[in-house]
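There are two complexes below, and they share chain A, which is joined by chain B in the first and by chain C in the second.
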Partner chain A sequence: MMLLSLLPQLVVSGISTGMLYALIALSMTVVYRATTVVNFGHGDMVAAGAYASFVFGVGFGLPFLVAMALALAVLFLGGFAVQRFLMQPIIAAPHLSLAMMALAVGYTLRGGMRLEWGNETINLPRPYPQDVYMLGDVVITTDDLVICGFVILLLAALFVLLQVTPLGKVIQATFQSQRGAALVGINVPAFHAAMWGGGAALGAIGGIMLAMITPLTPDLGQWTLVQGFAAMTLGGFGSLGGAVAGGILLGVTEKLLGFYVNTMFIEITGYLVPIIVLLLRPQGLFGRRTIVRV
Partner chain B sequence: MVIGRRWFWLIPLGLLPVPLLLNPYQQYVLNTALLYVPVGIGFNLVVGNLGLLAFSNVAYFGLGAYTSGIMMATLGAPWWLTIVPAAIVGGLAGSLASIPALRGVRLFYLAIMTLAFGELMRWTYIRWESLTGGSMGMAVPTAHLFGWALDSDARKFFVFLALVVVIVIGTDKLLRSRFGRAFQAIKDNEVAAAAMGIPTDRYIVLAFAWGGAVVGIGGAMFAISVGHLSPASFDMTELILQFAIIMVGGLGSLMGSIIGAVIITIAPQVFISFPGFAELVFGLLIILVILFLPRGLASLVARVHPMFVERYYRG
Partner chain C sequence: MRIWQALLALVVATGLARPAGADSTQGITDTTITIGNLGPFSGSASVFTPLNYGPEAYLRYINSQGGVNGRKFVTVFADSSCNEAKGIAAAKKLVSEDKVFMIMGNPCSGVAMAIKPMLVQEGVPWMGSSANPKISTPASPGIFHAVYPGSEAGRAMATFALSKPGTTKFALAMHSDDWAHGYCDAATDYIKAHGGEIVATTVMEHGATDGTAQALQIKASGAQAVMGCLYQPELVVLLRELQKYQVGAITVGALGADFNQVVAAFPNRDWLKQHFFQPYQFQAKIGTGPLKKFHDIFVKYLTKDELPKDGVPTNFYYYGVPVAIVAVEAFRRAGPHPTRESWEKAIESLKDFDTGVLADTETFGPDNHVGVHKMYAVGLDAQGQETVYKAWGDPLPNAE
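Let's turn to the complex of A and B:
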């Protein structure tokens, strides 16, 4: 069967795309778990990370890894500042205001990026050669390898950070109970700001890798946000492992539906998934049920 | 001393001779401000009065606009005949968007779903080329109102003004009735509202449907005002514009929707607009309003005189 023989290829490229979704969903989950605020401007922070890397790498001509490190530092400081100076003052306000604030920050960023780079399509140069490897019938590109390897490395680092280090204990304590963490002497507002910074930097890594394989435009953020949400809801909102599993599953689903049903599913899977999942199984595949019912 | 609210009638009456003073461009901007009044009112009803994070307003707006435009272009219907269908389609889309809310989806979850719904609609306009002209867009023929051609912006202005007055009065009545008080109760505490015997589900659907219908009418006005519909008009930049209207005007305030619509549509005309400028300015504006004026400009107006304070009981 011709169609079935393509299945491994689709799964491989789906996993590769899904790893990027996973990374972005993970960075959103970190912010959500730490602060119980969903960052609706996160997609634009992801795009901002890619642009920052472009400025340092292409604009100033710095080596790729240096440019990336600088971009991550900028995004960390940016995320930190947004939480400290914009979110923290209204932290007691209703969810509506918090969501609006995050959204407005995102729009401001996007507007700034469009003003500066709106008319050009930018491709981040890859710092590695583009090769193609054959594994049986399956084509694997260096893009796939680098993305998968890098994301797995990051996940391992994150896991070690959370499970083994003292900082991880602080993070876990605050994830579990903010009041409890405050009672044992953890500086919760500083922690929140640091998590926003960390989330932004983590997302920026995803943005940089995304900008290497697709053209970079200011609208990247909007698309990223929807895909990240789709991955988060699929895996279960607020679950770190769920975000990763959801991202990979989303990538594979998108490719399979796009090939076997209709190519339009590549474009709309990200929109359909959160709608269907939230209607049928709001807790996602791995999440706990926390949705308010009346 | 009580000054009657009937004095508010002076505002539309005072606007009647305004077209004599304006050049066509200024008239067009004023028409745009008028058509965004229903858009803001519908959005504010769900987000401000009901307190639910529904981000699908642009979807109702686009559906209303396309309903009107397609009926005129392919069926040859006169514009006035498309207003009610645009409202019905917008209202149905609103009811559809309220289904997750009835299933207990709240807060960010609802925001995500409605955001996805809005994007899905934009994708539909792009893909359904036979009806919408795809991403190139479609031309909207000259509008007619009972045989009277609305071929100048000044003529459209009077029709828009009449529609806006009807919508404002209708929504004002709705908010001051038991419906409006039920919305307020649901916003304050949904569980308590349900415990008091308020059928919360019914009111949520009603608010979404009314909001969607009103925004749909705004869409029909948009269709003839710009004369050309393309999916790019209903993207995320449009969403930030509509957000800016209700946030800057004042959440949960009818007057806020009106003030916001006027300011947010007229202000960008003052400076030359580059791509991205609108997003940047509206984003900063919303940030400043949330930080320093959480109830929006309407709260400033309310300080001027008690007449401007909005109340949800008869008085």
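Let's turn to the complex of A and C:
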């Protein structure tokens, strides 16, 4: 009986965790939609964002929001530079080369973080008190509310940016046809670099949120990369809305499988989901089936 | 004919005493003893490198005192990344190229198990701090545990939890690897042998950032104590979830986590009071009493990069040291012309040897290559003070 009574708690916790997966999947999707490159180093950028916030916030003693803003700026510039100086020169190379470059950038970042912080576990201080609220039998913490609220706000802002503003229309147009965008005078390489920067900054937000609720180690990105890919695949590769839905579904699924079946499933859910989705519905839940005429 | 028979017998006897190809004085010159210090200096397990720096600090201290029998220690560091393949390559280099006398440090169980056959084959001694009890039990030539293998720590975890009155229901929260089984299997055996039962077994893998399902399973099981056979980051994750879901069970963590770092990394120190404990390896609180001497050694002989950022050595630095203390004592006892045989015999002759660090004294024998067994527990008392306990509610007097 107690097992069933915990179902609402598992769903609420799954949504909270899933929001973080959604944010990370969204940040990966932005890069993928813009450049059709899957950034295998993205998880390490997520971790780097958290460390940047730690350096500004704890190292330099800056207020949390200032530290976070600076961390996002650093990651934006970092992502921009990676695309501009490392990816762009080989942009015409086979996808495998691009994937290897992204992977190498990620490993280099991780190595640097390990050099500096490899032998310690860091606690990124929260800028708010950690309170617990009871909704019936369901425990909700300030962390849950902050994470969900922040991600929803961010998604709303992204929606407005993409759907309403002229910049958003340019981004959407370039997503749809890069050749067409180039023909009407849009600087596509600069757009690619900006999207890499944007993706890195979005991922950094995910990293900072994650580091507030879990110990910060240089390997934080490994786990998030797997979950991000799984969420992308579940939602549909390249679909922004699908990435969000995929993240939330993944978060809830791993909690339910972990609790009701076996805790071993928590780790493998992120691997099982892509296998099942790719076999049964390769376009994901919200992706569109594409037919390429040759 | 008798001379030939005698020579043949000598050759056979020599061959039996040492494995083929072994040079029993390798790494020793008139003025130096070369030691291989193998550890995860890169990679995700580099949080354990203080277990390598602790003994290194002690060897530098001994060198500053003139060394042992006129010889000073020279350390060759090698990186295993806690990866078996890299560890084998690094150990082979230490043995074949750097010609070390022995291998020290080596906190990674997987690497230790992977290199053990080669070390035994080559006759190279090993004295490390990895947890897997199978490394030193049953006794193999040259392989010694001068610190607690996971099985001893696992028993200590269970012993402490069982000492809390009325505690009979236990949950396991563990990684799925050999390291975690080294602790949790021993704890389980001890619990069952003393009337307790395991009511939940949960798994949390390395890198996990959430422990909701595990915490809720533990809560639903009604467990009164949790055996946390987890590395440091995952142990902190589990404790956060247990706090969030108001699970009343106490948690006793394995030695894969540094008590001081867990307390520092946990946002709510108040909740840890009387909720979180670990087996305690030392005879006093960190940096106090007899351990003050070692604090000073670490600070003086380690570089800024080898110490934590705040310059204060934590648990793992002290936990690494007995390895070097016992090895150095064996060199002293082996006399002015040490060989691997005489060094090993010197270790096997140690009885009730006090390292000045560990809670137990070191006793070895030909069939017993694990020197220490008795442990205490450490936790925060009701006032939030770090306290060493002999058993639940029984603080160790004078553990200052």
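In this text, the second predicted complex is superposed on the first by the 288 of 294 C-alpha atoms of A that agree within 3 Å, B and C clash if a C-alpha of one lies under 4 Å from a C-alpha of the other, contacts with A are read in each partner's own complex, and residues count from 1 in each chain.
The rule is simple: a contact is a pair of C-beta atoms (placed from the backbone, for glycine too) under 8 Å apart; a residue touches a chain by one contact, two chains touch by 3 or more.
Model, not experiment: these values are computed from the prediction.
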Superposition on chain A - do chain B and chain C clash or fit: clash
First, second, both or neither for A:222, with chain B first and chain C second: both
Touching partner for A:10 - first (chain B), second (chain C), both, neither: second
Partner chain in contact with A:267 - chain B first, chain C second, else both or neither: both
Partner chain in contact with A:108 - chain B first, chain C second, else both or neither: first
First (chain B), second (chain C), both or neither touched by A:118: both
Which of chain B and chain C A:213 touches, first, second, both or neither: second
Which of chain B and chain C A:56 touches, first, second, both or neither: neither
Which partner, chain B or chain C, touches more chain A residues: B
Which of chain B and chain C A:259 touches, first, second, both or neither: second
Which superposed partner A:132 touches (first chain B, second chain C, both, neither): second
Overlap of chain C and chain B interfaces on chain A (superposed complexes): 111, 114, 118-119, 218-219, 222, 264, 267
Chain A to chain B touching residues, read off their complex: 38, 40, 86, 89-90, 93-97, 99-101, 103-116, 118-119, 218-219, 222, 225-226, 229-230, 233, 237, 264, 267-268, 270-272, 274-275, 278-279, 282, 291-294
In the complex, chain C residues that touch chain A: 42-44, 46-50, 176, 202-205, 207-210, 212-214, 216-217, 220, 232-233, 236-237, 240, 244-246, 261-262, 264-268, 308-309
Sites on chain B touched by chain A in the complex: 47, 51, 53, 99-100, 103-109, 111-113, 115-117, 119-120, 123, 127, 190-191, 194, 200, 236, 240, 243, 247, 251, 274-284, 286-287, 290-291, 294
Contact footprint of chain C on chain A as seen in their complex: 2-3, 6, 9-10, 13-14, 17, 111, 114, 118-123, 125-126, 130, 132, 139, 141, 210, 213-215, 217-220, 222-224, 254-255, 258-259, 262-264, 266-267
